[in-house]
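Here is the structure we will look at, set down as structure tokens.
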Amino acid sequence: MNEQTVTIGRLAIWIAMSDEYEEAEIFEKAKSNQYRVCKGRVGSMDGEKIFAAVETAAKRNGIISERQYHEEHALYHATLEAFQGACRGQPLLKGVLRSGGFTFSVVRGPRRSGDLSDGEWVAVALFGTMGAPIKGFEHEVIGLGINNLSS
Amino acid sequence: MNEQTVTIGRLAIWIAMSDEYEEAEIFEKAKSNQYRVCKGRVGSMDGEKIFAAVETAAKRNGIISERQYHEEHALYHATLEAFQGACRGQPLLKGVLRSGGFTFSVVRGPRRSGDLSDGEWVAVALFGTMGAPIKGFEHEVIGLGINNLSS
Amino acid sequence: MNEQTVTIGRLAIWIAMSDEYEEAEIFEKAKSNQYRVCKGRVGSMDGEKIFAAVETAAKRNGIISERQYHEEHALYHATLEAFQGACRGQPLLKGVLRSGGFTFSVVRGPRRSGDLSDGEWVAVALFGTMGAPIKGFEHEVIGLGINNLSS
Amino acid sequence: MNEQTVTIGRLAIWIAMSDEYEEAEIFEKAKSNQYRVCKGRVGSMDGEKIFAAVETAAKRNGIISERQYHEEHALYHATLEAFQGACRGQPLLKGVLRSGGFTFSVVRGPRRSGDLSDGEWVAVALFGTMGAPIKGFEHEVIGLGINNLSS
Amino acid sequence: MNEQTVTIGRLAIWIAMSDEYEEAEIFEKAKSNQYRVCKGRVGSMDGEKIFAAVETAAKRNGIISERQYHEEHALYHATLEAFQGACRGQPLLKGVLRSGGFTFSVVRGPRRSGDLSDGEWVAVALFGTMGAPIKGFEHEVIGLGINNLSS
Amino acid sequence: MNEQTVTIGRLAIWIAMSDEYEEAEIFEKAKSNQYRVCKGRVGSMDGEKIFAAVETAAKRNGIISERQYHEEHALYHATLEAFQGACRGQPLLKGVLRSGGFTFSVVRGPRRSGDLSDGEWVAVALFGTMGAPIKGFEHEVIGLGINNLSS
């Protein structure tokens, strides 16, 4: 992943899939490309907990403003799209007897590094596993949502 | 991505997101971990062309058998889940005036490298862009589907 | 509908449901409240034609910029949500043998007249009928989508 | 809104969007056009409470019979369609961390005032806001469902 | 299937799954229980052809009135629900590269034989196969939709 | 239903719709055609209880292995498809104020009796009623899911 290929979606996926050894390098690259990023973990059978964890992390890390509904709305829809992607169809967990465990990322910046002509965007990636509430009975899933944020 | 973390989903995503320089290394690692893999490209406003491209590539590369509906069925649902993930909600392109351009991968093997206790699985990853049928008016999307294949 | 209740959603619905006699008054009120608005008609069994009509009208009337994907993306999702609302479930027309005929509106401005603290939003309303492709075999439907636009 | 344009959908939307000053006039017009109508309010993160509020109001106001499943079924599907319209996609509230606050209406009568050739229909409209469970972090939504009732 | 268990749903499924030898007996039983029924076949990758075939058969056999939108609307939604049931999720065929081949039935009468207290209902059942457009690459599917018709 | 027409889907539907007098005959025929089958009942407003009942019954009756995620995954998706079929659209119960009461079946074997060329499949059928949580306010529904299991 070299300078010219830093895009908001790749960056979000890269962070969500990274292990602890890769993190420092990725965060450094993000910063040098003018992206604001954060990473967190959440596991639940309740969809709302996934949304709350992403939103809380994004606010605590100053990625979106806590006081602007405008920004919260943009993040919400990016999260919803990432969640729908990870669920592959119906955005349901407990109601269809399954559980999700994710590492997530939130990224704010241009769609493509250095392209400031087209506003700021927000990306949310969820990477982890989904499956039955039985240890090990699960497989990998991924979801990515990207939304226009501010101009 | 070291030996102990080779899982079918990561591998599928890694291939779909790789550039031409990374491909040889990844394909080598896949082979040494007993995975069968292939990679292709497809862009369209017709959903069915995405499915056909994935299926044709999987058959031509001997990843699934051309004569077994059992295998075709497993691949179909992995592709459908990947497509739903990339579409984030409704698996529609032309009907909601959008187009998709993807690099895709198909991977066959154990859920986790070396774990032969639980049969073979098939993974399909789609990585690319989706957006308006106007050049550059698109953002990144990803989808991953994993399905049980043979025991 | 008096000054203090002018909100972007009400305004979009009001325009889409207005007849020719009410139009001038509504457009005047919108303008005096700093909203940019347009109105049009479209009927089809092809979903993409609904999207294209809304987008074309919004660009021709200067409601969104033709050159900014950022703005086109915001409008697209507002249109998709309005279309999903009018379809009440699956955003499909021809494939489930039905046709839609709409008067639509696009509105750009604050969520609530005079509140400039929280950026500009875009609203799309579709009001009309949906039904079988047989004259008169149809009933009324409505859809409204609202999205964050610029900050 | 003059005599010749009284249709069941317009009437339902008009009631759901009306303020207390307009109510008396609308109810009078509905009555003189042989429509039975009611109006209520409900806010919740639980979808089932929306359905229950609409159904209870419709029964208490004699719009549908309490003892006929036939009528309850017709109302249920009109409510489901209105709810899907307001949710624009997935009919979920709490599970995707959002809350809805609605003024709703139920209307029973002909599709078009005075047209008795084609049985009675039932319309449900929901108008209000949906958003994060944070005060003011919400935007307007609308939904309308119309269903055949009795012949 | 004896007299006391004749219900509209069972009857619709029974007809759709019957072979030519069973048909005469079932149609006789339906008639003696005051049900109006018909049966047909349709195969396509276009969803609209399924809807058209069901509607045409229902009208030709006098199960619903050709001139009443009220009745057409009731049948349409029963057909949509049957189609959604057979598709198990997204009501799409060609767009997700699959084809459906069905025997269908339309049944009109009480929910339960002899119970005239609660109006007439309409049921549509689809039974057949869905799968890839490759001979034999398909498995069985079923769908049933029931809707209130006239009081 | 004679020997040459024993297919996995018909068998699953037949069991789910059978009364106690027909059961012995059907189970005998299933066994003589090398199918493993079970039957159970479940009613709830919580979707997860439907999934849990089917899975528990399938494991207790030795239809799928308790220790293989591979088999549990195949059964899960067959159950999800049956549930989606019975729900005709959104796989939701309580959240849209409705309840489901089902007799279910699980069947394991070839798609078509005697055809061993194409692996084992699993079918889940749900037959029963869905409706308002008011006694008798419900109508019949059916769902069938079929999935590839082992090769």
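Residue numbering begins at 1 within each chain, and the chains themselves are lettered A, B, C, D, E and F in the order written.
Simple rule for what comes next: a residue touches a chain if its C-beta (ideal position, glycine included) is under 8 Å from a C-beta of that chain, and two chains touch if they have at least 3 such contacts.
Just so it is clear, the structure is predicted and the values come from calculations on it, not from any experiment.
In this assembly, the chain whose C-alpha centre lies farthest from chain B is D. Of all residue numbers used where chain B meets chain E, under half belong to both copies. The two sides are thus made of different residues. Chain C maps onto chain E through a rotation of 120°, based on Cα atoms and reported in steps of 5.
Using mean Cα coordinates as chain centres, the one most removed from chain F is C.
Per-chain Cα centroids separate chain C from chain D by 21 Å.
The centroid of the Cα atoms in chain A and the matching centroid in chain D are 37 Å apart. Note on chain placement: the centre of chain D and the centre of chain E lie 30 Å apart, centres being C-alpha means.
Between chain B and chain D the centroid-to-centroid distance comes to 44 Å (mean Cα coordinates, whole Å).
Under the contact definition stated at the top, the residues of chain F that touch 2 or more other chains are 69, 73, 89-90, 92, 95, 111, 121, 139.
On the chain F side of its complex with chain E, the touching residues are 5, 7-10, 13, 17, 19, 81-82, 84-86, 88-89, 111, 121, 123, 139-146.
Those residues of chain B that touch chain E in the complex are listed here as 46-48, 51-52, 55, 69, 72-73, 76, 80, 83, 90-93, 95.
For chain E in complex with chain B, the touching residues are 90, 92, 94-98, 131-132, 134, 136-139. Across the complex, chain D is touched by residues 68-71, 73-74, 77, 111, 118-119, 121, 147-151 of chain E.
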